[in-house]
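There are structures below to look over.
In the two complexes that follow, chain A is the common piece, with chain B as its partner first and chain C second.
This part shows the complex of A and B:
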């Protein structure tokens, strides 16, 4: 069942504090978080979070299209190496 | 085998009884494997393939020099390689994973940070997985213009300006 709208999105409070501190400081450091369950909020756009996957922190550059998703969706807990083949990477 | 060849697929075995093979494609667009034909095997044999239909986990294809089920079965597990030159040219700031893997990563001061092991994408942005002898676990560096200002394929190196917290020695937490 979906979460009730009146509650608002769930975010661990320490994530909000860390994000606010990083934004105020104007630094571009990786903000290490362990809260995979927190929702990505509009004020996180432009920040880089290091989301823990049980072993290490995966850097996640937050963009507008991620709003409403959970941090854990961008930090898989299982390792998979495919083949490079003709796959491309774009520098943004 | 030439270093300029890239593994684009493998043969999963025979398909049917008329000498067709089952091909597993590793390409970003799976059907594109046929565009790189003729392909090469690891022992330097050239083969041309033609896809006949999509099947579960891949494609069935006819292959030059294979006309029976027994011949197709014997090729099970064979990797298929394409010449690097066959891949189409890319616009600026776009790179093939195969070109990035193995490049040396230097910081802006010229110190060696490591070597690119793989390129990952978990949905947020492309990440360079960098290994170095001193690193306990590989570091993941977002492949952005800010973090990676220079990619020099000719000289085989990347200039990186990693934010604090990417490499373990810079950890403050």
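This part shows the complex of A and C:
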């Protein structure tokens, strides 16, 4: 079920603070965040976030199309290289 | 023979049923169309006058996305997701279920027919 509109979009407050600071400063470096659950807001467009995936921060360049989605959607948490059996079958 | 939006409608069926042969029009919107151009739902396609067919065609053109346009729109939406590099796009690229369904078993609609795995017995 979708979130109630009256609550507004959810963003962890430290993300907002960091983004604002980066905007005021040179805004060149990657903003490291752990908050995968935060919504991408219009004022984040053009910034680069390092979204944590449990192991490292994946750089995400925010574009206009991403607004409204969550940061976690751009930082995959699983690595999958396929099954051993599949590779054997392909080699033959 | 009635052609609407590039599709031949079956002549012997009731109008709302026949309209569902067009991609993008289901029973609900078909009935809504009949209502809008005031055609009785019990009438059949071969009983319609040319003017009535024209009215239906114009109504659909003005208010609904159908056939090729609709397919193109869906394809564009999927392509947009794939280009973004988001999780949903990734799932589309791999031809796996997009909305969090299990893939341990099932998910055959997206994965296609089961492939035999070499060396798996018992």
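A few comments on the model shown:
The rule is simple: the second predicted complex is superposed on the first by the 79 of 92 C-alpha atoms of A that agree within 3 Å, B and C clash if a C-alpha of one lies under 4 Å from a C-alpha of the other, contacts with A are read in each partner's own complex, and residues count from 1 in each chain.
Throughout what follows, a residue touches a chain if its C-beta (ideal position, glycine included) is under 8 Å from a C-beta of that chain, and two chains touch if they have at least 3 such contacts.
Everything numeric here is computed off the predicted structure, so don't read it as measured data.
More residues of chain A are in touch with B than with the other of chain B and chain C.
Once chain A of one complex is fitted onto chain A of the other, the partner contacts of A:65 are limited to chain C, with no touch recorded for chain B.
In the superposed model, A:7 lies in contact with neither chain B nor chain C. Judged by the touch definition given at the top, the superposed model places A:78 against neither chain B nor chain C. Of the two partner chains, chain B is the only one touched by A:30; chain C is not.
Touch criterion met: A:48 reaches chain B, while chain C stays clear of it. Shared interface residues of chain A, touching chain B in one complex and chain C in the other, are 63, 66, 73-74, 76, 83, 85-86, 88-89. Across the complex, chain B is touched by residues 27-32, 48, 50, 55-63, 66, 73-76, 81-92 of chain A.
Partner chain A is touched in their complex by these residues of chain B: 6-9, 25-28, 32, 36, 82, 87, 90, 93-98, 100-101, 118-119, 121-127, 137, 140-146, 148, 151, 163-166, 173. Across the complex, chain A meets chain C through its residues 63, 65-66, 69, 72-74, 76, 83, 85-86, 88-89.
The part of chain C that touches chain A in the complex is made up of residues 80, 84-88, 90, 117-120.
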